[in-house]
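Below: a set of structures, written as structure tokens.
Note that chain A is present in both complexes that follow, paired respectively with chain B and with chain C.
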Partner chain A sequence: MPASRSTRIVLFVYGLLVIGLLYLPLVSVGFASVSRARYLSFPIKKYSSKWYAEALASGTVRDLLWTSLSVAVIVTILSVIIAFFGALAFARYEWRYRTTFQKLILLPIFFPQTVLGLALLMWFNSLGVIPSWKTAVVAHLVWIAPIATLIVAIRAYSFDPALEEAARDMGASTPTILKEITLPLLMPGLISAGLFAFLLSWGNFPLSLFATGADSTLPEWLYAKMVSGYSPLVPTLGIMSVVASLFLILAAFAIAWLVQTIRDSKAAQ
Partner chain B sequence: MVSSDPILRLEGVVKKFGAFTALHGVDLEIREGEFFTIVGPSGSGKSTMIRLLVGMDEVTDGAIWLRDQRIEAMPANLRPTCMVFQSLALFPHMSVGQNIEFPLKLRKVASSARKERALELLDLLRLPRDYYDKRISQCSGGEKQRVALARALAFDPEILFFDEPLSALDYRLRKTLEKELKNLHQRTGKTFVYITHSLEEAMVMSDRIAIMKAGHFEQIAVADEIYGRPVSRFVAEFMGEVNLFEVTSRDGTTLESPCLTVKSGTTNESLPAGGNGLLMVRPEFIRFCGEDESPDYRIKGRLLEEYALGSRIQYEVETETGQILTVEKLRQDRASSGDIGSEVMLGFDAARTHLIKDT
Partner chain C sequence: MQQLNQKLGYLSALPMLAVFAIALFAPLVVVVLFSIMPSKVFSLANMPDFSAYSVFFSQGYYKSLIWSLGMALASTVILLVISWPLAYGMAKVFRKFTLVLTIAVVMSLFVSENIRLFGWVLTLMKGGLIEGHIRAWTGVGFDSPLYGVPIIIFGLVYVYLPFMLFPLAQGISMVPDDARQAAADLGATRWQIFRQIDVPLAAPGIVVGCLLSFVLAAGAVAESKILGGQAVITITDDIETAFTFGQDWPLGSSLSVILIVIIGTLALFGISRVDLDQIMGRKR
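Entry: the complex of A and B
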């Protein structure tokens, strides 16, 4: 039954409200970053890109970005590798305690991150490991690798194991099957898992807070500056971080599109 | 051409899954060039059997010989055999052409030669040549079947295995493809080993049929033999509608059942005195008799039901002793039966009966 005109209007307004609620705070951060004044007040009296120029010139900001990026990139690569083999182990093979293991592996997702962070910090201390951005990589992995595994596993469960068996039956070795069948078919899942892993690591605060020690990631610095020593660099870096994430998402779409185009043109040859 | 030499031989093959035994020491010989079908209900072990034959599972005990080479321990990717899967297992990320060329690519055949062979196979399977560039998702069910077959033939296997590849198709398409498969078998001269739960499929295509039950072969023979001279109640009933009279041999000369007495020796086998057996008559060999007819055996009964089965009509008749018999007539021979509930006289000849000793 088609909705009546009034229902449609109500739904439309409701939709706008939800979107407004989601994005307006971000917009206000955007305004704060382009205001010349030190503290945000509406209407903005004078617009300026001063804070962006300062951010780009700052050595601290460069270090922060570098630390965050290093952690996120390493976490992404390791998560995708762990997720690939983990998902195959769950979806392809029957082994004892498989379902129990599956639940145990996914359990960290349900822990509050602060509790997980604290636990890891205590553990690093008891092992005599000095917390740094490298321990943050481990902390992020504990939480992010299970999520990535879940994403790839959904894809792995949905494809017919007979495809791999058929390839083997026609003479393909295990590495060939992996290259020709398994990897191309899991690729969409691997790309999504990588994307999620990067974004979750890039924006993570609670785990980083406990695990980075003397090093600092971007979200940690933003929080510290909010608590004491606010400057418009805070919203500026916030916006730069969001834009970087957006670029990453666009890049992922572009790669997926490119892969599809190359495959289609290969098929058409 | 079917040769008398076996291409594949199984000796005492056992397959266990934990405590469950799926195959109980199976022996089998498949001849070079034959269309051999294994039929059985679900759970009879036929899928387990084919997985062992192609090398996707390992035997627990016993030997599999391909000509004079022992292959039961050889992994699937080293065996010169190929299977068409129930799900067809076409690679969704490759085009039709790439699918067909896959086994050739694995053998490092040059791309021009691969394409040439793929196009030849498209011709052989009556698919238009421009399907070479199509995506698998653009093909219909029947076309996918043909692509899967083309890919298996590109492999050029010694034996081509089929694991119920037609089971997901609608009736008409299945009938067409059954004939095409039979035809393809004749044209390629390859050995086909086919697994199905459909008796009709087996009857249409096969040179020989093996009936499987609970992990062993109940009977292996040509279709007519299995239909007309089954070795057990299971085979008789599995091969379609059947009337079975439980008979006992009184003194070795006559077989008696509550509604029938048969002279021993008029059927294929005889029973020793006191022995039990089943006398089988297929529904199409029983007829409604008039006064002037004199079949070897007559049974009085009452017509219970009449079912229209397309080209045939099936009747249920209850004998005076309460046994329900099934009678089938071609539609054009329908008139002679009478009304539901009326008394009828059934008749059949001794030559049309078969005695199953093993009950």
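Entry: the complex of A and C
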């Protein structure tokens, strides 16, 4: 029962409308970031890039970016490693508690992040650990590693276990199989999981809020300025953070495309 | 072979379980223990007295909880209604546009939720993107819709759309076209097909979508703070305040425990009814 032409068009327009609404707030932030006035009001009368210059020159901004970046990079590396094994336990190996493990993985995703952040703060406190960006890594990890696992698991579902079994029959040890068969097969899943992990950590606010202690990530700083008085740097830094994410995504697509092209041309030879 | 699979299963689950043990279960235990401590202590070395729980009723914190759950329910219902046609389009109608939509929606998730909500403030405030331009063109302004309950629900709908849309699209794609075709051939109306074929067969997706958006919205705080100007206080807001300004960890913990129990019960109920192998497309 294919949809009629009119249904198709209505749904298509509806889809475009939803995409438009999703990004409308970012349009406003974008305009606000290039408004010259200290107190913003639309329509914008004078445009200027001075807030960008100010943001780039500011030491606070550099610290914020550095903290956010350190957290995101470490979270990405750890998440990918955990997700590689986690996905195998989730999708590949038939073991006794597999379905329980699958359900367990979903728990942190359902958990209110703010509450999780506070719970971690109390836990670190009772351990005598002083919160810093390192504890934020732990907080991000418990939420992001399960998501990365789900992404890798989708890939792990689609590969044929016979490949591993064949290698085993020929006498390959488990580490050899993991390295030579499983890892290359899961690689696309691992790369997208890494991308997700980085971007989710880079943009995360509720977990960072209580877990970073004296350090501050970019989203935290933005939030603090939003609720307690406006700073013209808020839209500027917001856009800078979005652009950074966008660059990363574009770079990932470009690299994926390049690898594919090289592989195709090799296969053609 | 079977035995090896067992061993490898346990081993490869280990790193994740270790993270859960130190960063999810242990903190949960601490929260539960703190929640039964007497008011305003900062260590667990006190006699438990459960006083924090009585405050939940006597100080009116239950109102925040009702607000949170009510707004979560409203946003979930709205999300279900507005996401269904789009999810249906993604699963059954669009071809390339499904990919475009998926990428567009996923990318929006990577932008910090603060920035997106703040963008709505700039869009909707008096002198904002919409009102400012309309006033400049027509000379007539209007009051900002910000700072009220409806705008908070709007914010929840906006932020949690992906969490309804994707499970729903996944659920609808599991409805076989043959079943719909057969029902139509037998003279079923559109409504009958929807009620008796689409909804029951897409049920796992509907359950996951509703559950995710309800649970996330129930624990949300940024929407009411940024868009709502704290017109109503959500339970998570109360929890935050108890920990920060209130300096009352046992109170914050007991409110957390109440929220966690409600959310946890719902989540476990839903998760236990869903077969993840099927949803995530296992082939064997």
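Here is the rule we go by: the second predicted complex is superposed on the first by the 236 of 269 C-alpha atoms of A that agree within 3 Å, B and C clash if a C-alpha of one lies under 4 Å from a C-alpha of the other, contacts with A are read in each partner's own complex, and residues count from 1 in each chain.
FYI, contacts are C-beta pairs under 8 Å (C-beta built on N, C-alpha and C of every residue); 3 or more make two chains touch, one makes a residue touch a chain.
Keep in mind that this is a model prediction, so the values were computed, not measured.
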Chain A residues touched by each partner, larger count belonging to chain B or chain C: C
Chain B versus chain C as contact partner of A:Ala72, first or second or both or neither: neither
Contacts of A:Thr149 with chain B and chain C, given as first, second, both or neither: second
Which of chain B and chain C A:Gln113 touches, first, second, both or neither: second
Which of chain B and chain C A:Ala162 touches, first, second, both or neither: first
Partner chain in contact with A:Val227 - chain B first, chain C second, else both or neither: second
Touched partner set for A:Pro184, first chain B, second chain C, both or neither: first
First (chain B), second (chain C), both or neither touched by A:Ser241: second
Partner chain in contact with A:Val61 - chain B first, chain C second, else both or neither: neither
Chain B versus chain C as contact partner of A:Ala172, first or second or both or neither: first
Chain A positions touched by chain B in one structure and by chain C in the second: 165
Touch list for chain A against partner chain C, complex: 1, 3, 7-8, 11-12, 14-15, 18-19, 21-29, 31-32, 40-43, 81-82, 85-86, 88-89, 91, 93-99, 101-116, 118-123, 125-126, 138-139, 141-142, 145-146, 149-150, 153-154, 157-158, 165, 174, 199-200, 202-206, 210, 218-219, 222-223, 226-227, 234-235, 238, 241-242, 245-246, 249
Interface residues, chain C side, partner chain A - complex: 1-2, 4-17, 19-20, 22-24, 26-28, 30-31, 34, 42-44, 85-86, 88-90, 92-94, 97, 100-101, 104-105, 107-123, 127-129, 131-133, 136, 158, 161, 177, 180-181, 184, 211-212, 215-216, 218-222, 225-226, 236, 239-240, 243, 249, 252-253, 256, 259-260, 263-264, 267, 271-272, 276-277, 280-283
Residues on chain A engaged by chain B in the complex (per definition of touch): 160, 162-163, 165-173, 176, 180-181, 184-185, 263, 267-268
Residue numbers on chain B that touch chain A, as the complex places them: 54-56, 75-78, 81-83, 85-87, 89, 91-95, 97-98, 102-103, 106-107, 133, 135, 151, 155
